[in-house]
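First chain A sits with chain B, and in the next complex the same chain sits with chain C.
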Partner chain A sequence: MKKILLMLSTLITCAFTAQAKLNVVATLPDFGSLAREIGGDKVNVTVLAKPTEDSHFVDARPSFVVSLRNADALIDGGAELELGWLPPLLQNTRNPKIEIGKPGRVQASQGIHLMNVPTNVTRAAGDVHALGNPHFTVDPIIAKAIAQHIAQSFSALDPVNAAFYEGNYKKFEATINAKLQEWGTALLPFKGQHVVAYHDSWPYFAHRFGLNIDIFLEPKPGIPPSPSHLAEVIAQMRAQHIKAIIVEPFHDRRIAEKVASATGAKVVEFSQFPGGLPGTDSYVKLIDTLVSRLAAALK
Partner chain B sequence: MWEVMFWPIVACILLPWLLVYLGLHVVQRGIIFIDIAMAQMASLGICLAVLFHLDLQGWATFGIALGFTLIGAAIFSLTGKRSSQIPQEAVIGISYVVAAAAAVLLLSRAAEGDEEIKNMLVGNILLVTPHEVWKCFALFVAVGVFHFLLRKNFLLVSFDRDGAYQKGLRVRWWDFFFYAAFGLVVTSFVRIAGVLLVFSYLIVPAVCGINLAQRTTNRLLIGWFIALVGGVAGLFLSYWWDLPSGAAIVCTFGALLILVSLLAFCRNRFQRLDDTP
Partner chain C sequence: MKKMILFALAVLPVATVSAQEAAPAASSSPAPTVSNATPATAADVEALRGQVQSLVETVKALQQQVKDQQAALEKANLTGESGLPQNPEPSPIAGAEESAAPAGNAPPRFPTEDTSVVSSTTAPAASSVPGVSASPFPASGGFPTTDTSVVTSTPETISSTGAGTSLTQPITIGGGRNYMNISLDGLFALAYSSARDLDHIEVGDHDPQQRGFNARNVELAFDGAVDPYFEGFANIVFKLDNDNQTEVEVEEAFMQTTSLPFNLQLKAGQFFAAFGRLNPTHPHTWEFVDTPLVNGLFLGPDGLRGVGAQGSWTLPLPWYSQLIFASQNGRGSTGFSFRNPGDDRMFFDRITTDREARGLQDFVWIPRFENSFNLSDTQTVLAGVSGAFGSNETGANSRTQIYGADFLYKWKSSHAEGGFPFVKWQTEFMYRRFQAGHGADDSFPVAETFHDWGLYSQVTWGFKKGWVAGIRGDYVHMQDSMFTDDLDRQSRWRLSANLTWYPTEFSKIRLQYNQDFLEENFFLSAREVESIFLQWEFILGAHGAHKF
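And now, the complex of A and B:
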């Protein structure tokens, strides 16, 4: 009898703990990494896009629909970055727990002041996102805000562990605050310098660390580089002695290398997503890598 | 799994029959890449709509895309001469590359969100909605009835062109009707399932049918069977191994075609052995 009771009680605790783990889906690896910082072992995090994938275009697989259906929480950018692939997925999911406005839905851009909001929304300026530039997580201060938002959502969904989530947020906040000093010092010598990027993904990073990443290999966001535009960029780079060109894993590196060889600049491989570069499995490690790579190239 | 795969499976059961039938025509005429050229014409039309800032989901956009498809139909029916030095496939290939390049040029000026256009033009079979499936099915039934009622002439024009000329048919007009209906079918299926899948549904079942049978009816039945098995099996594989669904179906078709070819090869060998005394 005792044995049976013991077995039953272990079974029940197992079932209970299994149930207690929140199923969290993050559209992009940066949100997934923040969710892991906050949720620790109390959540299962599923990330849809791969870190090396272009987050504008992601191919849906059956498991995406399954994990969205079973999700207790969904973290997305909320600023149209996933416009091309998330809405059709959600249309197929119909999970009331992750609808907009529910505690299970974290839209990372909420409460964040987005940069480069177009004044009139025609698409004549290129693949401009109507709500503003959606590549905001690479600013550590914005990442803190998103992490806090995630902690609030987890606490609302799982009040028993609210103190745990809150504690993890405090830890993350402290780490970022300490690291910000370090990163700021590393990039301080290059304050005000211009850097070229393939795509306009870095205004928040540039703003945080006092750089100007405002010349792009793409003539307009999402439009492949044209010869005359590249010639213009090369002229600008020579005139301003620009030393670095930022590319991401899914960009055509050869174009950047062509421009680099014409100007003597260095091609710096960047990623917006933890895991997109070797040795960057957490958010803090990612920013560490970005800062040290850029500092090395600008030296 | 049903809640995720139900509508894709329904789509793979309800829709391909017409593609398989049209595929027999296409393979017989030797114009394998016509579907991709037609789909590219339609997307060129949509790029033009983007340039004029039209609503991408609206009727005007649909009208322009349809107009471009009809232009394509006109080009292909005018160039399909009875005895020409230039093969039809060359015209099709040229139309494809020019339409694709023109789309790149238009987009570099218009610069609509690339992902929106891609999303609109190239669907994902995994994410079909019931509404899309029924809309496409209704269109396919309409085109199917059209083809069924006029089957004698359509078959004659595709399978026995000389006979069609001798009978005094206006082959060019029949070609035009064929291409126009074909363009409508292909572009609407591309929006549900993507380019790769359209191509495989048109060509692979038809080739399997031709491998195994002589009469058109038998070829059609074999093609339908292959399309059904390949589509549903591909979807199951895509679920079990978590693969992109369209690509999984295409590769299943590839495997089925290899099986069928082996079967046909063995059968021919045995028949020849039987024939020799």
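And now, the complex of A and C:
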């Protein structure tokens, strides 16, 4: 009898200690990575989208409902990037803790000036986001703001560890501040240069480091490259001596290769998400990789 | 300017130290004089003045040095030259940080703040605990670490989330100024068939029903949050019949709870029964032009839907597991195998009764249990069993039971672009037990119990962004009867193949080929039918996303 009681009590303690960790769901891997920076071993982070897939079109897998149901916190972009798959998940989730307005809901775009907000929302312009370009986390200054937002949320949900989260945020902030010097210096020689991208995912990165990533292989966002548009791009690239084409893991690399061979430019594999490229399991490593790859291509 | 002063302040201690070091050498003798209590002479004052002067000059020189450095830095600074939304001049915040940082740090080069992108949120925080940020990582400053042009305003509390969103406004179009999604969906088809009775060959009400052009599903869809407690959905379908007359259907209109405890959810209104995979979905989400035979012939040409209420519970298990239970009136053609008086009050040759519900047994009761597992990161399985139980109108106490099992497997590439490539396999099986009674006033001579079953299985392959190829097999077995010559009681099978192009997720063009085989029975002879459909669709406005 005593043994059973003992076992029960250990079980209960285990259950409690397990519960003591915050369950955090992040829609996208970049938010997940920031949540890990802040939460450390005090949180369990579940990321819904894969770092290598197109984050506009993620399947609303039923298992996501289970993750969301058990979540203490949900971090989403809040800028319509997940519009095609998050709403039906939330309709089936029934978890009041992560409703908009609760401390358990972090919308990363809050407090961020979104770029390229369309004045006239029309789908004739392709896959346009009414609230502005949602690919903002690749700007390290914005990443700091999101990290702080996450730290505030975690502190509100788990006041006992508030100092821990705050401390982690400070550490992350200091790391980014220091790293910005490095990144800024590495890309300084290429200031003002034009770079071609497959999809318009990089205005924030370009803004931060003084680049112009403003020519795209897609004629309009979400519309596959057409031969006539690619011919135009090739002409532009030759005229402006553009040296690099950015593609993401899910893009058709062959198209970029074709354009590259016609112009002598290099194809640079980029990812918006930690884990999308080899050796980029954290946010800082991701930006490290992006900066060094781009600097190498532009040399 | 402020920054410079702060800088000077930071540098000052160093300056004074060096000045003190220089001072003893320059004027070692007057100093003891001062320390002696001898009254100060004019010469002493002069000497002191000289000292002060030299100190001031040293400071000035140092200040100049700092200034020069500053200027050089500003030249090198990226922000100044950026053509994009300007980063602020080295801001007071950055200065504050520097003052806190131990003197002698590497001076600022690359900005690490940018108020043009990030709100002042980070700023106060940065200055409030500057020591933390500065001490372990001394190299702060330089590249701006804040940017007010990208981050807007401090979230006062985290609870006031969302740019202009509130609980009553969770789904937005056009920049978050609307209370609901509103969309119009037009689904059309051009049809050719070797049969002259396409309306009989095709078993769904929204399938092509005549040779030539068909507009069977022009649909207005609304959805949004009603208030903090409910969400509302409505689908109003306009359908052009074969004489081009418009018919209107309230296909669905229901409300659903959002925040009941214990993972419960309630739904009430007019809605599709959660029977199997296909029945609860709208035709424009289907992967084929037409309804599978088993769905059209067992659940009805319009699917099983009606006015009712539904409760569902997701079980507290580590995988997705849901129990659903609904009750609907089941009356009329949308309760096809149930209290359906039929066309001209005939169903399976019986004259039907058309009566008020006598009790709970006259409602349709629809339970469902579904489970989903991830086989891997890229593979998902969803399997369910469903039932629909109720009365029918072919006799005084005639009952109908339909049982269903469904299975879905989906693989999607881990490097999917726009959701492609993928492979999806979907199968549904149904068994119907239908007690056909003696009809109204015992007018039909025999009572029969039909054991009918059928299934469809389809594979779709999204082989390239925007392109999907599909193949489907259908079979329905209708128990042969010597007494009932209803056209719908013919066993039959069908093979379909199609190719769909989605220019975007808001439009599609689909070409489909069907081969139908209708088997001989007691009354009807066998026949073979070939049909070709060209289907096209557009969606305007904000259309709510679909479930898995």
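Operating definition for what follows: the second predicted complex is superposed on the first by the 283 of 299 C-alpha atoms of A that agree within 3 Å, B and C clash if a C-alpha of one lies under 4 Å from a C-alpha of the other, contacts with A are read in each partner's own complex, and residues count from 1 in each chain.
Methods note: a contact is a pair of C-beta atoms (placed from the backbone, for glycine too) under 8 Å apart; a residue touches a chain by one contact, two chains touch by 3 or more.
Everything quoted here is computed from the prediction, not taken from an experiment.
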* Return fit or clash for chain B versus chain C, each positioned on chain A through the superposition. => clash
* Asked: Looking at the overlay, does A:Arg254 come into contact with chain B only (first), chain C only (second), both, or neither?
  -> neither
* Name the contact category of A:Gly84: first (chain B only), second (chain C only), both, or neither. => both
* A:Gly222 contacts which: chain B (first), chain C (second), both, neither? -> both
* Asked: Is A:His241 in contact with chain B, with chain C, with both, or with neither (first, second, both, neither)?
  -> neither
* Stretch in clash, chain C with chain B, out of 204-212, 240-248 or 258-266 -> 204-212
* Asked: Which chain A residues contact chain B in one complex and chain C in the other?
  -> 56-57, 59-63, 65-66, 69, 83-85, 88, 91-92, 123, 126-127, 222-224
* To do: Going by the contact rule at the top, pick out the chain A residues touching chain B in the complex.
  => 56-57, 59-63, 65-66, 69, 83-85, 88-89, 91-92, 122-127, 219-220, 222-224, 226
* Asked: Contact residues on chain A for chain C in the complex?
  -> 50, 52-54, 56-57, 59-63, 65-66, 69, 78, 80, 83-88, 91-92, 94, 96, 99-103, 105-107, 109-113, 115, 117, 121, 123, 126-127, 130-131, 136, 139, 141-142, 144-145, 148-149, 152-153, 156, 166-167, 169-171, 173-178, 180-181, 183-185, 188, 191-192, 204, 206-210, 222-224, 249-252
* Residues of chain B that touch chain A when the two form their complex -> 1, 3-5, 7, 50, 53, 107-108, 110-116, 118-119, 124, 126-127, 129, 238-239, 242-245
* Structure fact -> Note: in the complex, chain C contacts chain A through residues 76, 78, 81-85, 106, 109-114, 116-119, 121-122, 125-126, 129, 132-134, 136-137, 139-147, 149-155, 158-163, 165-167, 170-176, 231, 256, 258-260, 263-265, 314, 317-320, 372-374, 377, 380, 382, 410, 412-419, 465-466, 504-506, 544-548
